Each structure stands twice: as C-alpha cells, then as structure tokens.
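The same chain A turns up in both complexes below, where it pairs with chain B and then with chain C.
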Partner chain A sequence: MTAGRGRALPGRALPGRALPGRALRQMASRPLAVASAAWLVLVVVAAAGASSLAPYGPQATDLAHVMSGPTAAHWLGTDRLGRDVLSRLMFGGQVTLLGVAEALVVFAGLGITLGLAAGFAGGWTDRLIARFGDLVLALPGIIVLLMVLAVYPGSELAAMIALGAISCPVLLRVVRGATLAIRGELYITAARLSGLTGPRIVWRHVLPRLAGPVIVQLSLFAATALLAQSALSFLGLSTPEAQGPSWGNMVGEASTVVSQDPWLLVPSGGALALTVMAFGLLGDAVRDVTAGRHLAPPVRVRPVRAPSKPMPGRPKGRAPGTAPAGGSMLSVRGLTIAFGDLVVVRDVGFDLSPGEALGIVGESGCGKSVTVRSLLGLLPGGGRVTAGSALFAGRDLAAASERDFRRVRGSMIGLVSQEPASGLDPSFRIGSQLAEVIRRHAPLSRGQARARAAELLAQVNLPPGTLARYPHELSGGMAQRVSIALALAPGPRLLIADEPTTALDVTVQAEILGLLRDLREQTGMAMILVTHDWGVLADLCDRAIVMYAGQVVEEAAVGDIYASPRHPYTEGLLAANPHRTPAGGVLPAIPGTVPPPSAWPAGCGFRPRCQYATDACAGGPVPMTAAGPGRLVRCIHADTLVARR
Partner chain B sequence: MTPATSLVAATAREPGVLEVRDLTVRYHRGIRKPPFTALHEVSLAVGPAETVALVGESGSGKSTLGNAILGLVPAASGTIAFRGEDITCARPRRRRALTADIQAVFQDPYGSLNPVRTVGQTLAEPLLAHERREVRGAERTARVRAALEQVGLSADDAARYPGQFSGGQRQRIAIARALVPSPRLIICDEPLSALDLSVQAQILNLLRDLQGDLGVSYLFITHDLAVVPHIAHRVAVLYRGRVVETGPARQLCSAPRHPYTQALVAAAPMPDPVQQRARRRAYRAYQAADEARAPAAALSDPP
Partner chain C sequence: MARPAARWAARWLASSALMLFLVTAATFVLASMAPGDAAKAILSSQSGSYTQQQYLQLRDELGLDQPLTAQYWHWLDGLLHGTLGTDLFSGQPVTAELNARLAPTLSIILGTIVVAGLAGVGLGIVSALRGGVAGRAVDAISLLGLAIPNFWLALVLIELLAVRVELFPATGYTPLGADPEGWLRGIALPVITLSAGGVAFVAKQTRDSMAEVMSREFVVMLRARGLSGRSVVLRHALRNAAIPVVTVLGLLLVSLLGGAVLIEDIFAIPGLGQLAVTAAGSHDLPVIEGVAFYFTVIVVLASLLVDLSYWLLNPRVRGS
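Showing the complex of A and B:
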C-alpha cells in the first residue's frame, strides 16, 4: 500500500490532454489522412447522389460508342454495350457501399455489444461470450458465405449480414480486451461508488475510451467487406449483372473483354483499390491520433549519449567559502540538464568524500533523480547534460560517452532504485542473474561466481536458498535486498540509492536502512541517497543537499540542517513533517505546489511559496552563499530565518 | 481481543455512524487453493464527526476492510451496520442509494479521475446517480462549484481536465467528488501516500477543516503512524487481518502496548538525527527481543 509515492506516475500530469478538437487538428495535419477522407466523402456523395448527378442512366446504352475509352461525352469511357462507365460506377457504388454499410453495422453492433458485455460483466458471461467468439472464428468464412448464398440466392443483404456476423469476433476480442483494462481503472470503481449503474458507467466512462481501437477495426473491416462484396459480385453470387451494376460485377464484366479493351478494368478496379486504401490509411491515422492519447507518454529510460563536442560554461566555481574539492571522490560543478529546451536541473554542485553518505532531499519534480541518473548516463529519453562537470575517478561523467559509462556503471557506481523488482528479469533465477553480473566484472568460473553470489546474499541477509528463486517469488523487501546485492556485486566505490525504501512497508524499510548502514560500515563505500523522507535522511546520511525547482537551495551537515534550516523551503518542508508538530495541531503546510520546470519563476525559484519573499527575491538568480562552516544556502533572507528563530 | 471489544463498547452509547462486527472476508483463489482470509473477525465502530484511523502494512487487510464497507468485496461472515442498518448484504439498488452517505477517497489521484472527462462532469456524477430529479441543471452546477471551493480550488476549475492539475490538486478534486452528495462517512484509503510532503500537510489540514465544518466521519486507512495523531481520534492497528490494538490516537501512538504496534512505531524513522539514533537503538533492541521470543506468539499467522 505504500507503493508509488510522489513521482510514481511521471508524465501523467502533463497539461493539455487531447480534446476532440485537437484530435481533428492532428488529423488535418496528415495529408494522407485528409486525402483518404476526401476520397471517401467523394465516393459516398457520388454514389448517394447518382440518380441526379450521373450524366447517364446505369443501363442507358449508346451503341454508337462501344468500348470507346475516355472521351468528352463519356469521361471514363463506355463498356461493351456502350453504357457510360462513370454513371455505372456511381450507381454501382450505391450497391457496393450499401453492402459495406450493412456488414459494418452487423459487425459493429455484435462486436461492440458482445465485447462490452464480456469485458465489463466478467465471470460466466465473459467465458460464454469468449467461447462463442472462438467458435465463430473457427468457422470457415467462405463456406458459410456460400451456404448463406445457396439459401438466399443472389441476396446481397444476406451475404453481408453473414459476413459481419462471422467477422465480429475480431472486434469482440479487441473491445473485450480494452474493456477489461478500463474496468480495472480506479475511476471506474470511483464511478461505481458515486452510485452510477453499470450501463451508465459503460456509457460515460468505457465507451469514450474505446473509440480509437473500434474506429481502427471498423476501417479495416470496411476494406475487407468492400473486397468481399466485390468478390461475391464478381463471381455473380450476389448482385449479379442482371440486378444492375456493382463495382464487383463491373470488374467481372471488364475482365471478359480485357484483351480488347484493357482500359475498362481501370475505372472499376481503380475505384475499388483507392477506396480500400483510403479505409486503411484513414484507420491508420485515426489510430495514431487516438491511440494512447489518454495514456501517459511512454517513459523510456534509455541512455543518451552526451554531446561529443566540448561543453560551454565548464567548471563554474562554487560560491565562496566552499571546501576545496581536493579530497573528494566525486566533484560536481555547475551541472545543468535539459530535456529539449526545457532545463530541469540548474547549476548543481556538490562534493562527495570517500565513504561519505550524502542525502539529496526534496519533493518530486525538483530534479533529484535526474541529477543522480545523469551521473550514470541513465537520463530518460531526450535528457542531456548541457553544462557543467562531474569528476569521478579521473573521468568527467558530464561529458562521458556511452563507452565510458559502461566502464563506470556497476563496477564503480552501483544503483539501487525505488522499484526493487524493476531491476530483476522475471524469467531468470536470482542465482543466475547475480552470477551474470559477477562474471561480467570479474574473470571467475561458473562455480566461483555461484559461490560469490551466495556470499553476496549472505551479506544482504538472505538465505542461500534465494539463489534458486524467481523474482516473483520474493517479497518487496527481499527483492530490494537482491537489487542491493546486484549493485554490490562488482564492488562499487559509490552506491547511488534512488528512493530505495519508498515502495516498502515501514518495518521492511527499517531493515533495508539498517542493511545499507551496515554495508557502508563493512565496505567503506560512499553513498548518495535520494529521498523525500526526512526520517530516512536522518537515519542514513552525514550531509544533505536540499533541492528545489532544479537547484540546490541548501547544503549542510545533517545535524545542522535539522537543528537550524537556513532556507525557507528546508524550514517549511521540515515543519510539514507530522513528527515535528504536536499531536492535534494544524500542520504548517507550504502553500501551493512545486511548479513544473516550464513555470519556474525568475529569481528565486521558491519565491511564490515563500513567507519571507520580498521584491528583491525576483531580482535575479540567487547565488549560493556561505552560511557557517560547511554550510551553503541559496537565499537572501537566510539571516532573517536565523533571527526569527 | 479485549481492546477491540472495548472499542465497540465505547461507541455503543451514542448512535454510531458505522459499526463493523466480527467481519471476516475471504478471497477465493481458484478451486485448488484454500481461500485466503484477508480479514479475521474484525470489529470497529465510527461515531459521528469522528475519525478512526486504520493502520497496518501491506497485506494487513486495511484496504479490504474499506472495500468491504463500500460493498466492493463480499463479507464471509459478520455484519457491517451503517447508522443502525445492516448493509452487509445490501441489494445493488440499496447499495447505489448508500453511495449518497458513504463515499471514498483513494490513494492514487491520477487513476481515480477519468482523464477524458472534465472535473465538472466527474463531480456531477454522484448527483446524476441518485435519480434526484430536484438536483438539475443550475442546481447541479452550483453544487459542483461549491464543492470545488470547499476544497480550496476555484469554481472555474470545473471546466478543466484532470490532466491539467497537480497530484495534490487532483486529490482535492477527489475529495470534492466525495463531498458532493453530502455523505456521513468517507473512507479515505491512503489519501496521502501518493503526495509530496508539503502537499500531504495541506490535504491533512483540509480533511480536518472539512470535518469541523461538515461533521463528516472518516475511516482513515494509512500505513503511516506519524500522521495518525494529527487526523484521528481513535486508531485500530491491523496485522494480518486481525485488529491487534485499538485505542485513542495520541495514547496509542505515544505508548503502544502490542508488540506489533511497538515495532511499527520503532521502525518509522524520525526526522531528526539525534532522535533517530535513539529510535534505531530501540528498534534493534526490539528486534533482538523479538528474535529471542521467536516464534513470536503474538505475531503468529492466523491458522
């Protein structure tokens, strides 16, 4: 129940969700989609208005011009009886499109209702309908159509209804799958608890979300139905020539005289091909526009190669009074990270001594995780370091190539992340995953690697039996121990723990914190802990930096920061902690929320939420200034905070 | 289980809003496996304008209890009474009517709002649901706007989509939705867990203020014992489907008596290095004692 605090759902909170108007605009920006839609509209209008628009009747013969080819009088030529091809195409379109519409209505009606019923009701209804769908799919479509046409000879309606019915399981499955997913959404439960009845929930919450996949299926099926209708008509099984023109029987007729007049095949065949293509392209476009428009954009974590050219604005000096970086193992200066043009981390600097534990604390959206992930070359898609340096073991991690990072990652810097299971491959046993990492970094035999894996498990207090387990067999706490063992396997000098206990229960958290503390004592490795929890920070860290709106706003030894915070944000965030307020009192909350990077104010980033803010705070970038031994603060009112206390 | 009975007895004098007696909930896990008992004869009462916190870790059954009260999971035995009426096996129609009185706020403010419906549309749903012909058009809009203002948002936010709000604001919207039908009881299922610290404090204060103004009762489900003294009058601690300790919030948090509650308190890290050092020692001592006692009889699995 403790899972997913804060940044659990990145990207979902993006403003400007797709509205119908926006979807239309997106469609309009695709020339193929526009052309397809225009063609379909043209076809429908021409067919519907054939009796008034067509230059000739469908059966009007002009024996003087037989198989004439395109002329001024007959734009698309005439057939072997001298009938105008254009007019026949328009009249034939009526039959053909009507057939498609009949099949579509049956297909959509059956597919959507059955799919919704199966997906939303679940249980026996679902099982019955799903089996029914499987059964229908198993029927050979052609044979069913032939049987139907044998019973109703030449009936287009019967054939098209049968086609829609035997194809409906395709849509049924799509709708059922989508409905099942939507049914599990929390807002469906919420709607139920608002007292809405089942049908109302379906109408208001489920159907709108189904539009995308359904439209795609319908467009695909329309193309199929068009071809099927034409094929049957071509074969003379439905709408034979005697009943008037259809695109299918026009193709059929043209094929009989193809050696004398090949042109005759072009108008009818071309109309068919273009319409089928238009259905497909339109479906594609609709899918692209609607698919995932309500979902979070895919969050891909892929390493981004740092720009190869030397970066401008290299080591910016830290503020006066900073300890020299001489004894530090990691020295970060002026680190600036941007996603596209959006700067999310600004001028971050800190030092880490060997064996030291540094905490980075702040709320979600302040740039904590992005900062530490950049040290491993693991910035999410599109992110890159635009300025600054991060010196570690003789390398500048801010300008490192993917190759450099491969050497650093794991072997020198280990990572433990929030979601313990995410680092484990569900299809391999723990033992083989550990052994793989061990052998990647040290030339050991399989047996030796296994022994080392057992040692590592003992180090994180797991029984050796865990080696033979699969990740899904582990509890959250055990999985996090395994990820710590994985991070420790190559013997890193620095462990980055990104919210390592956020997803865990409090008693499990205490165990993991104890473990991390013990490991630090045993191995002497340094640690960077990213957390939003002041308690976790107090437990594990020697020194802390507080981040707000992509900047470090305060840096101090852990003891000092709790005893006398110098930045108003630190003070507010500490005060908001329920532990620090007497029971029953009103919690001193910081008004407002962390602004997104696009809305960071000029001057001090915390200004709009700050009780100490004055006009001077908007003046310009606030520098980090010394505030006592080993302390830095980015606030022009730091002294006021001290005086008030 | 004496504390549990005393909890029921304490509220027996005044008319309770919610009374759960000996509630057992089982989840069926297919034909082969025996059902999993998520709640084991749990008793609990919530009085008018009272907040009862339900504390436990994952798998303790705390959300199951909330869901059982909301009618989302069936009870195997025991009773759930709302203002004296037994609603354990309420028919769907009655259940829908009950939603006017019992509402819920969930943990995930991102999932609990449909992204394609405006805030106003979502908030109007509880009013549509009850076939209340008198709540129409303008009246409905007015109530939605009032609810939004009650939770500290602007009435004009009704026209916006959930995606345009931050997590804390969305949680305010979720609270507004719960308030719209003027319920007597709101089940708050980890309403703070997905929020940042500064926003948590805002929401906690908001819930308290609303209780002061409206006299609504809360069943506040949480894993975080630290917030309990700030919101709850009384607490019940759940462990593996059983209530192991109940009592007044402040008393229970400052002087827990059951070893499991003691472990919970000791495990939560203090936001102060000095206090945390002491607490860590206490937790280690507790663990050592626990191992010596092992198998800890009090924490043993239910059969």
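Showing the complex of A and C:
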C-alpha cells in the first residue's frame, strides 16, 4: 500500500474510494468480469428456483436410463440411479450456495467489526485484536472444523460458521490497515473537528472507502468457502449424500462409478470450478477498478533496437566545422527516443572527447536522464531509440543489441545514479557487491577481488570496514561513494553521473564533487554529468549542453555559457540560480513549467514560456545554428538576446 | 547481537506455548461437547448392546467421569512427562500411533511445498519478466489451479494415471526406508494434486513481487555495472523478492494440513489427517488431542522457519 499522506487534497479523487457509478461502468467494460457476474447470477437463479425450474426432482430415479450421458431428456445425463444430473446440480446448488452465504456472513460480520474496532480504537484494543487475529490465522483450521463437525454431526451451518470465524482475520487485517490509513487523513480530522462522532465518521466516511478492498476479500473468501463446503460434503462430513445432493457429494457419487462413466465428473466438477473462477475473477476486477493497478508493468529485459537507422555521419542540424577538435570518443547524432508513440527526446546530438567533462543541464522532465540511460541500453519499460546514432568505441549504441551493451556497460561506460541508497542492492554487503562487479570484469580470485575492493574504497575515501556493511547502514554520502567505487571498479573510459549530488546534503555534495574532480584527474576518464545545478557544472565541466523539452537548445564551453547565454531558456535558468541572486533579493523564476511530452508545442518548444517569443517562433522546427566558435544555439532570436544585454 | 536474539527466542517460545495451550484446550472443550462419548462408542463397536452398568464402569475406567478441567490437567501433566496418553480403542500409546503416521503426512506436505515452490517461483519469474503471452499463460494456469477442486483433480488423476495408464499406484503409501522408488511413486499423485493450487498461489505472489523488484533503481544499476541477466534476476532480484514468497509458502504449508485430510482419505494414505477424521468420529479424545498437538507443532515450526528466513534474507531485520 502506498503511503497516503496528502491524498485528501481538494479536487483530487480519493484512491480506493468506491465511486459506484464509475466503478460499475469500468467493470462493465471488462468482458471477464461481466461473464463472471453473469455466471454467478445464473447459478443463483437456477439454485433458488430449482423447485419450479428443474426438469426433475432431485431424487427422482429412472432405472431404465442410468448413466446415460447427455441426452435430449437429460441435458447433463443421469447418474448411477438414473437421476437427472442437471436437476440435482440445481438442487445441490441450494445447499452449496447457502453454505457459502453462511460462511460469508460470519466472515464479513466478524472481520469488519473487529477490523474497524482495532483500526479506530488503537492502543491496547488494537494490539489485542491484532494478536488474536494472528493466533487464529495460525490455527490448523481443519482440526477446528473436524471438532465442530464432531459436536454437530453433518451440520453444514456449524461447519460454515466455524470456517467464517477462523478465516475472518484475513479481512480483519485488510479493514484494520485501511482504517488506520484513513484515520490519519486530513478530512477525518476535519470531520472530528466539525463535531462528528466516531460511529458517524465510520458510517459516513470510512465504510464507503472500505467497500473496494472488502468486496475483494469477500469474493476471494467465497471461493475458499465454496471449495471447503464441497470438500467436507465430498468426504461426507457435512451434507452427506443422505441429506440430498450438494455439488461436493455429487463428485463423491460420481467417483464411485468413474470407470464406467467418467462424464459424471464433468458437470459437478465444472460447476464448482466455474463458480470458484467467477468469484476469483470478480474479486480481481473489483480490485483493479477500485484500487488502480498496483502491479508495475512487466519489465522486459530485452535489447533496445532502433527500427530506423538514419545515415551516420550526417550531423543533422549541426553547422559544419563546429565539431570539437580532436577525435571524439562519443559522437551522438539525431538521437530520438520514444515511449510507445510518445517522443520524449528529439534529435539530440553532441560529441565528447577523451578525458573531457560534459554537463547536461535542464529542468526535470527535459529528457536528460533518458538520453544518457539510452547510451547504456537502460531505458525504462516501453522506451526505445527510434532514430539517430551514438558512436562509441566502434559501436553504434543507438542500435546495439543487449549483448553489445553487456560489453559496454560497466567496463567501458560507468553509471552513477541520482539516488545513492536505492542504487545499491539492499540484501548484499558492500564487499560482496564490489567483488561481484570486479570479478565480472576481471579474472581475479575471491581474495584478489576483495583486496581490489578495499583499494577502490580507499580511492573514494571510505574505510575498509565499509566492505562488511549493508547499504542501509550507510549515510547518503557514503552510499554515493560506494556507488562511484562500483562504477570505477571495471575501469571505464567514460563515467556518466546522473545528478550525483541531488539527493545529498550541501556539505556532502561538495565532498562528492571534490571526489569526482580528483578521480577525473587521476584516471583521465571522460565524464558526462547530468545536473540542474549550475554550481556543479561550473565546478566539474568543460562544456555544457542545455536541454529543454527533449531537445538540445544550446551548446557551449561552460565559461561562455555563464558569461553570455544565447538561448532564452539558458538565460532564464541562469537567472534562477540562487548562487547568483544577491542575498535578500527576489529569486527570479522562469514562468510556467516544463510541459509533458504530450503537450510539446510545434515550432520552438520553449515558445510559451519565452519573453522573446514572436509569431515566427511557431513557424516550424528551429535548427541548431552556429553562434561563435564552438557554440551552437537553437533560437531564432539568439542575436536579440546578445543585443539586449 | 545476543540480547535481541535471546529476547526474540523467548518471545517465540512464549507465543508458541500459548498457541499450543489454546489449540489443545479449545479442542478439549469442543470434543467434550460432542454428543455421546468414547465409552459408548467403544461398547457399541464391540457388541452393539450393553448395559448401563457396563457403560458407567467403562466411563470410570477411562476417566471420563472426572470434570473436564481435571481431564485436561491430566493430559497437560502427561505432556510435560512426554506422553500423550493412550488410544482409548487400541490401548496403544498415542505418541507411537502419531509417529507412525507422521512420515506419510510430512512426505505429502513437504513434497508439495517443494514442487509448488519450485514450479511456482519459476512460473512467477517467467511471467514477471516476459509479460505478454507467457504472463497470460501463467495467469490462466493460476486461475485453473485455484479453481479446480483438489478432490476432483485427485479423482481424475487416479482414473487417468493409475487406472487407465498404470503409472502410479492409486492408493496406499510405501515407507521411504523400505523402497525409495515406491515411496516416490506413492506420493506422486497426492503431491501433484495438492501442488496444482499451490503452484498458482506461489506463482502469483512471485510474479507481483518480482515485477515490483525489477522496476527498482538498484536493478537498473546492477545492469549498468555489466552484470549478467542471470545474476541480476536470480541472485539479486529474486533474493529481494523472496520474503513475500516465503510468507506465502508458510501459509501454504498451514493450508496443506487441511488438504492432507482430504487427500489422505482419497488416496488411502495412513497419515495424521486420516487418523484425525476417524478419531473425531469416535470421540477418541487422546488421539484427537494428539493430532491437534502435532498439527500445531508443525504450524509453529513452519512459522519459525519463515521468521528465520526473514532474518536470513533481510539484513535490516538482522541489524535491529
């Protein structure tokens, strides 16, 4: 369950709240849910109306036609005494479904009452009820059922009451959990303050919210109760054959003649299986509709392929002669990334020389992380490179297979992530995680790998004792150092750091930046640093590209960008930099926010937020143009910007 | 380290003892509420007709005339001295009877845990990673496994694999020590029957749990460091996804005790479940108490194993 803080903000739909109209409409659009509901209605009607609807009596024998199989007179055949199977199924449904209903009433009554009491009273009551629930749940239920049936021989009612009672802790837990979550929310506090009493709050506010999860549990338990009732009846412990047909004892009957007439197993078994299935499917559908899908979409570990490969070497939108001097180690051209049909990165291009440090700047949601992760084939589910190239060490990373990526990941390109703690496997010691990466990339013994791990820790200024620690025992800064050590372990030529300091305290940020600078000096590796912090950029990078709405809008040496931004977005970002605002002054901000990819405007993406925008900006895609030595900008008003200053 | 462990052990012992006490006491009360008693059951099974005096004498001999609390106290006292009393019908010590029937029941239950665990985890992983057709196939298998009544499946399997094709024996149990192959054949059908539902249960949980873990940042980072897909999935993701799966296996084990009663009846396997049914029908209180005691011990041990596996799997539990 997700934490529910702030869920009750005005204007937001409350998750988990039963919205009868909408929920029913959503259910109606699911064929399986509709079929399940229809089957259950059919079964209930057939059973309830058996005495008038059934073609024969439940015990009417026809000894001339025994075990007939399906015929026109007996649609589902006859049993070994010539009794009509369909009629017996309908009459048997009465006793079977009644048993389910009895168990459900007890289950719901006890579970909801105790759950509400525990969740609302809290304290001792809560602990006592929860403990009691755990205890009951751990009971071997079959012993209880057997004893109850010894006290009340053959009694379905007694068995089903007992079943409902010993199963109720499942519902109790769900109700208690939901009540606790709701209790903490603002609107309940507001209701209390406005003078509503406990029971009325429960009635008006809590119960409607519980409807979804409770219905889910009820339908799942109905399936359990149906199976249990039938099993007991099959064994003859409750509703034995002598008391009339039930679905369970019909299976038992069929089993005695299974070799002569296997068909007889089909109607009773089928009725049971279909009804259990209908309960289960209905429960699943209610859960999906009322709670939203909690399940993350399946994650595919499969290669990312580019369906269309543009001609490499044609620097799209890059003015000739502006490529950095010297052979570049990474050359990205026209890189375009989409999630489904939604393009999130458009025509991104840049070069990186060996040993160079490139910054990628921009607000959240501009496609920075997606761009660098695509270089390692690590796009989240559904994302793929649809066009462009990324030449690195003789490979095109935009069209690489999973196998190609395995040779690149770690050993040639290292990645340091934004969230240091969640980037480490919580279940393994740091030493074991380091050793695994080391041994994956170099033929070392365990002992050698361990020694190398200690060396790496020393390189990132961590004591050797860190080897024996688990991730949860580390501070954010320590975890980020470990992350860096893990990236360094295979000796990559390029280190990509995706907002490496964002999640850290300011003092720790400075330490990590210092570490990265030192490492770059020691190893001579190239770096790509994704950041939205100008300080980080100035500290570490030689050159920067600025991204907005999935595009590169400006590229220049870091000093040049600071001194004279050429793109209005860069200018706005720089103005919003707190380090540059005089103390006590108002921090300027760019009006508006980055639009989601689905709402990117035609023409210049920044147009709606830009103070320089004119009608010409909407005219069509704006190309990257040269704006001085080693500088590129995607703006038709770049000159106006310079002139205004 | 030592003190939290000791405290935890003490708490576990206390709750286990409480559980054993409650289950056996409740069983005692329920059993004594049943109409008729063991004396009547014994006499009618011997001759059919008996005098009131015979009945009273036997009641006296069996100690059934004493108050319920005294009877229960007597039973508890015996327990502390390592005895569970004698079977009122056979006169055998209850522990001997139970121990003889423990192996068949455990064979079936543990066999099912192994089969359902391996198959369920395998299917769950495949469906979490592949989605699409494979995922839907697992969904369909799960649904069928949960929906088909196991007693029905047992009958079909017997008819198909024991009667038509004589691959497995239809009934009976061969001790492992006497004939390992016979043992395996004997428990095959009961285990397959009980596994059908169990696989679905485990696969569903594994799928949800794996899908959640695979979407976490550390999995992306493991891949970014160049680890093989096998290590990422089987070593790292599976270990992090394991706790809910182990919990489900524990719940499955408890529910299998109920399933065993049914399955032992169908396959005529002389296990604890079968004994429980006959004892409950004949008011043989010491045997009923004994089965309740054994079942509860199995449940308590299962929950101990689950707790220990949390401790092994999650370093955060170990630390605190």
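Everything that follows uses one rule, which is that the second predicted complex is superposed on the first by the 376 of 645 C-alpha atoms of A that agree within 3 Å, B and C clash if a C-alpha of one lies under 4 Å from a C-alpha of the other, contacts with A are read in each partner's own complex, and residues count from 1 in each chain.
Just so it is clear, contacts are C-beta pairs under 8 Å (C-beta built on N, C-alpha and C of every residue); 3 or more make two chains touch, one makes a residue touch a chain.
Note that the coordinates shown come from a computational prediction; the quantities given were computed from them, not determined experimentally.
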{"item": "First, second, both or neither for A:A458, with chain B first and chain C second", "value": "neither"}
{"item": "Chain B versus chain C as contact partner of A:L42, first or second or both or neither", "value": "neither"}
{"item": "Partner chain(s) touched by A:L342 [first = chain B, second = chain C, both, neither]", "value": "neither"}
{"item": "Contacts of A:S255 with chain B and chain C, given as first, second, both or neither", "value": "second"}
{"item": "Partner chain(s) touched by A:A73 [first = chain B, second = chain C, both, neither]", "value": "neither"}
{"item": "Partner chain(s) touched by A:V148 [first = chain B, second = chain C, both, neither]", "value": "second"}
{"item": "Chain B versus chain C as contact partner of A:L573, first or second or both or neither", "value": "first"}
{"item": "Partner chain in contact with A:P490 - chain B first, chain C second, else both or neither", "value": "second"}
{"item": "Contact set on chain A toward chain B in their complex", "value": "1-6, 8-9, 12-17, 19, 185-187, 189-197, 200, 204-205, 208-209, 294, 363-364, 476, 505-510, 513-514, 532-539, 558-559, 562, 572-574, 576-581, 583-591, 593-594"}
{"item": "Interfacial residue positions of chain A with respect to chain C in the complex", "value": "135, 138-151, 153, 223, 227, 230-231, 234-235, 237, 248, 251, 254-255, 258-259, 262, 265, 268-269, 272-274, 276-277, 280-281, 295-301, 373, 376, 378, 380-381, 402, 406, 408-411, 414-415, 417, 419, 422-429, 436-437, 440-441, 470, 472-473, 483, 486-487, 489-490"}
{"item": "Residues of chain C defined as touching chain A within the complex", "value": "18-19, 22-23, 26-27, 30-31, 33-35, 127-132, 135, 143-144, 146-152, 155-156, 158-159, 163, 208, 211-212, 214-229, 231-233, 236, 239-240, 254-255, 257-258, 261-262, 265, 273, 276-277, 280-281, 283, 288, 291-292, 295-296, 298-300, 303, 313-316, 319"}
{"item": "Complex interface listing, chain B residues touching chain A", "value": "57-58, 62-63, 70, 72, 96-97, 99-100, 103-104, 106-108, 110-117, 121-122, 125-126, 128-130, 161-169, 174, 177, 181, 190, 193-202, 204-205, 208, 223-227, 229-230, 249-250, 253, 263-264, 266-276, 280, 283-284"}
